[in-house]
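Below: one structure in structure tokens.
A, B, C and D label the chains in the order they appear, each numbered from 1.
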Amino acid sequence: MKLHEYQAKELLASYGVQVPEGGVASTPAEANRVAQRLGGTCVVKAQVHAGGRGKAGGIRLVSTAQEAEQAAAALLGTRLVTAQTDPDGVPVGRVLVEQTMEVEQELYLGILIDGSAGSPVVIASRAGGMEIEEIATESPELILRVAIDPVVGFQPFQSRYLSRAMGLNADAAKALTPQLTALYRLFMDRDCSMVEINPLVVTKEQRIVALDAKVTIDDSALFRQPAMAELRDLSQENRLEATALEKGIAYVKLDGDVGCLVNGAGLAMATMDIVRAAGFDPANFLDVGGGADPERVAETVRLVLEDPSVKRILVNVFGGIARCDDIARGIVLAMPKERREMPIIVRFLGTNKEEGKRVLQDSGLTIHPIADLNEGVEVLRRLATP
Amino acid sequence: MKLHEYQAKELLASYGVQVPEGGVASTPAEANRVAQRLGGTCVVKAQVHAGGRGKAGGIRLVSTAQEAEQAAAALLGTRLVTAQTDPDGVPVGRVLVEQTMEVEQELYLGILIDGSAGSPVVIASRAGGMEIEEIATESPELILRVAIDPVVGFQPFQSRYLSRAMGLNADAAKALTPQLTALYRLFMDRDCSMVEINPLVVTKEQRIVALDAKVTIDDSALFRQPAMAELRDLSQENRLEATALEKGIAYVKLDGDVGCLVNGAGLAMATMDIVRAAGFDPANFLDVGGGADPERVAETVRLVLEDPSVKRILVNVFGGIARCDDIARGIVLAMPKERREMPIIVRFLGTNKEEGKRVLQDSGLTIHPIADLNEGVEVLRRLATP
Amino acid sequence: MSILVDGNTRVIVQGITGRQGTFHATQMLEYGTNVVGGVTPGRGGTTVIDKVPVFDSVQEAVDETGANASIIYVPASGAADTMLEAADAGIPLIICITEGVPPRDMIGVTRYLRERGATLIGPNCPGVISPGHQCKIGIMPGEIHRPGSVGVVSRSGTLTYEAVHQLTQAGIGQSTCVGIGGDPIVGTSFVDILGLFAADPETEAVVLIGEIGGTKEQEAAEFIRAGGYTKPLIAVIAGQSAPPGKRMGHAGAIITGTAALASEKTKALAEVGAVIAPTAGEIGATASRVLAGLSG
Amino acid sequence: MSILVDGNTRVIVQGITGRQGTFHATQMLEYGTNVVGGVTPGRGGTTVIDKVPVFDSVQEAVDETGANASIIYVPASGAADTMLEAADAGIPLIICITEGVPPRDMIGVTRYLRERGATLIGPNCPGVISPGHQCKIGIMPGEIHRPGSVGVVSRSGTLTYEAVHQLTQAGIGQSTCVGIGGDPIVGTSFVDILGLFAADPETEAVVLIGEIGGTKEQEAAEFIRAGGYTKPLIAVIAGQSAPPGKRMGHAGAIITGTAALASEKTKALAEVGAVIAPTAGEIGATASRVLAGLSG
């Protein structure tokens, strides 16, 4: 779950990480007041869950409170379209109004979990301001990685190493250690899957300040991070994806018309691969998950049906912890009478597959049973050529 | 550094550990007010850094606010003498006024660091209310030990084990887990050397409540526990020991008249052993420490001289990180003119021993140089038989 | 032969009285697995599924039944505790089915288990099955498996069943199938399992099922390059058509940039001699071709 | 011969530019120790004590000098970081002189170092000296030592010097003297060192200096009982006259109740054949008697 920049910065500040002075505003008048407090010259930043704000006009430098108000008015209530958003963009509900600062050096800093090492890792680079993927492509030698031992946590010697490798002077190096220590503590305390500060700047006064901040909380840990869970802004997410997320379903909206209902992320991806290799386009990635009962499956099916592009449905379930009969009952529960004609191509294998097939055959829905995925592709072709 | 019970309980409560309702009072009127709030029936507990309060009359059960005020008046401003205090006792500056509760079961719970395992350990017993040493002697089989892995911390399965082994019922067992988890978190966060809850009680309602609480913060970590360091109550400590502690000197007041000035705890103990084996009594244990400079040594010597029982001084310094010349200069600095006649038996070996000897020889003090400890014992005997 | 499990494997089920626990314990028993007990705190002394004794703690279960493997079906919030309890009681093989275990918990769990010499499979995995020993410790549908000499190792659950199904349809039996789990931090890697298959005389070839995200497939390729595994390898990587930047279920593509792409993984494995199945629909056919080459 | 150090030991001094660091680095050099460099962050590129190069980090010091041992003289608040840095840079022998390191820090440090195969002596210890190799890594007064075949291991600092002084006065030289440190958590135990002395062909006997608090002496006795060490052992326990319940410097008597008493420790060691010196004043005499018995 992503936090907004202003939420991330409030969190950072509560851990003692330095952030620019500023305030969040949801009206132009509020933006004016914050800018006045900051002395006029400031930056007005659209609060959206997407990168590329700067190039899209979402970040505006102003020199008076009046200008700040105007910039806020121009952003608030609009939808910002960036290179990373859907074509219809994401709504701007708030702007962050912040002091500007004299920057001497821009660094990149990220903390994430390294799955292979089984521990958190700090990624840093002197090439701050660029996206990390860009740095990785253009100057991979500038990317520094420091593994963190979970018993001892982030250590000053690691900060000193990073400072040397990034060419920080003695004062900046001294200032960096408590900032990184605090960021690591935040990362662990709050069950983050990522903390990314880009840029982390060295100011003229050799202070270390987080000029931007992206914090992602691991969804699986939200049950024990209620304060973080409250920060969710569903307006920033694709409506269907947001609904799915709320229900705990792994769903990603895609461009095609074949609604996919598959259990298991791997099989779901493999099914998409096959659908696409056959020349069709999946309407979604969807993993109904392991322990789905009929009511939850029904919710999932409703989600797929809500996408107006969906013309047919491909069900591919290999029962394990999920049972085919539960899935079948969920499909029957969800499908409204008026859409009984929508073709449902169904492949059931594994746990309770026979009962699942029986439930569907008895349901009155338009079922096309298949034995394997190649047969599914054939049925798709047949349905597509009337 | 020990905390008072009321300080420990405030700390516990801030971590979510359940403690009885109550309040601290430094005047009888305050005690009355707290007792009124609690409904009259309550317990008034003298706040001193010493066990054995109950038998010494420091814990009084009262049934009205008026009685609570009287009990407080009887305790406040007095010195409480218990089996664990000096004969002149410790001053009672505050009382804790607490609700009473219906107790179904009394448990013992302690957390400390197990040096050999290099990790914290939880000690628990169903024989709560007794001192742990008593349990260890009388029914060692009732003492449970659970080592805590520092990466994963205290775990629910360990709590379930303790509950089973202590015979808790299901409700109490369920209530125990979050309490122990919170206690462990407190132990680590606050650099404790010991947390001891005795008794930890199961109430009639199957709540788990800390009826008493002893918390000791590791002295070596006070530099990073400023909030804890502020809780120190020097009135509870032997005046000389408290002064020593403030100056970071390891000093323990003993009953004899031979002031001992030794570097290193081991050599200090070994020196005491030899002094006593020869029929004399050391006035103190004292480790001048490793990196002592002359000014600090002088403070240390003044500490020894402040004890009126000291008739002669035995200096035994084996220079390593401490240098004999620094020690010698410290002695010269500290010794007031009017006490130049006090015999100082000196043995210097190791780092800068020659310079140390020279400094003392030139000082005009009453120096008895010795080559080894047996010779020291001879000098002591000679001085003792005029 | 087999890896991880054999005829001496005695299994307990942690969370046996839950819906999933009871269901799958029953399925395991029906498959022939030697399920010797279950653990649900507070339910000790009872039995489930007619005859399986339930214990309050893993330690008691081990003491009473001599269990040497455990399978875990408990909610995510309690999974870490459960894995730690199993390791603390000396269980050498711990298989965690639970999905949604917070990664921060797994940081500690993997270390704790490693220090105690316990092997963890999962979490968020289908488990381990050895058809030749009629030993299934997991949630996979047992009936699709056949005894044989091909090992299967996978990050995915259901895609593994797909692969096994195709193998069996093609007449190819399995020595052991291991789902290592799809989470960022899991107890056992491709490398660990390839190492075990390399040492198993009756495993002739291995099917490896990878997916986008992370670098576990590249690490497997490195291991093969270094000579740690020299038998034939058939590989398929799911997620070729997944749009970049989107998180597809448990696949995370953040850390490693382009290395997380399916194409990079396919390339790395092909370079060290793995035969790549173009899609998951062709795993069985690809394996048949490779094995025919072996015997031919 | 010797344990822990020998003629190939190349030492760096962490905190070399501090008062204690410079002083003792000078003393070590004078004794003959191969001090190849020092580390003080921010002082890299300079030299101290005429010719010793200072580096900003242990890694740089190792890369430049091939150091394989480090001695630490930094304030307690930074000691943990310094030990971890040394281990991270691959130093196999780390000796920490600093006293007052918080025990909570040592919980993590001991694990981190163990996982990286580094041996930690200390903290709060006098260090290690092998007179035969003119290698002193510590703060002990070098001139009291003589090459020989008696090992010394001790929880105490200055009491060790006392013991060594008496041995030398009695004409008994030392193979290696190790102060393991007096803190509750130290990197190396009596057991570890007795194991090393057991395997060292030129150590004929060992003097063990214990004190009240903890159970480390009892663990040593257990190790001897189990056959881990079979050479003659002379032991002395300081603190026989210490009043119970009072904390004497670094000795903590809380955890283990009566086991922490000097009498219990003496008893445990005597039972496994150690010869007990009645007071610290008689260590030399006791050792002489034991060694005379050996040669007689």
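The rule we apply is simple: a contact is a pair of C-beta atoms (placed from the backbone, for glycine too) under 8 Å apart; a residue touches a chain by one contact, two chains touch by 3 or more.
Treat the numbers as computed from the prediction; the structure is a model and nothing was measured.
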Chains touching both chain B and chain D, listed by label: A
Whole-Å gap separating chain C and chain D, where each centre is the average of the chain's CA atoms: 47
Rounded Å distance, chain B centre to chain C centre (Cα mean): 53
Whole-Å gap between the CA centroids of chain A and chain C: 28
Residues of chain B engaged with two or more neighbouring chains: 150-151
Chain C: positions in contact with at least two other chains: 107-108, 111
Graph class of chain-chain contacts, one of line, ring, star, complete, other: other
Pairs of chains found to touch, sorted by chain label: A-B, A-C, A-D, B-C, B-D
Contact set on chain A toward chain B in their complex: 150-151
Residues on chain A engaged by chain D in the complex (per definition of touch): 149, 151-153, 155-157, 160-161, 164, 170, 173
Touching residues (chain side chain A, partner chain C) in the complex: 84, 112-116, 118-121, 132-133, 136-137, 150, 188, 191, 193-194, 218, 220-221, 223-224, 250, 252, 254, 262-277, 282, 285, 287, 289-291, 317-321, 349-351, 372-374
Sites on chain D touched by chain A in the complex: 41-42, 56-59, 78, 80-82, 84-85, 88, 107-109, 111-112
Sites on chain D touched by chain B in the complex: 19-20, 24, 27, 76-77, 97, 99-104, 106-108, 110-111, 126, 138-141, 144, 154-162, 165, 182-186, 189, 209, 211-212, 214-216, 219, 236, 238-243, 245-252, 254-255, 257-258, 278-281
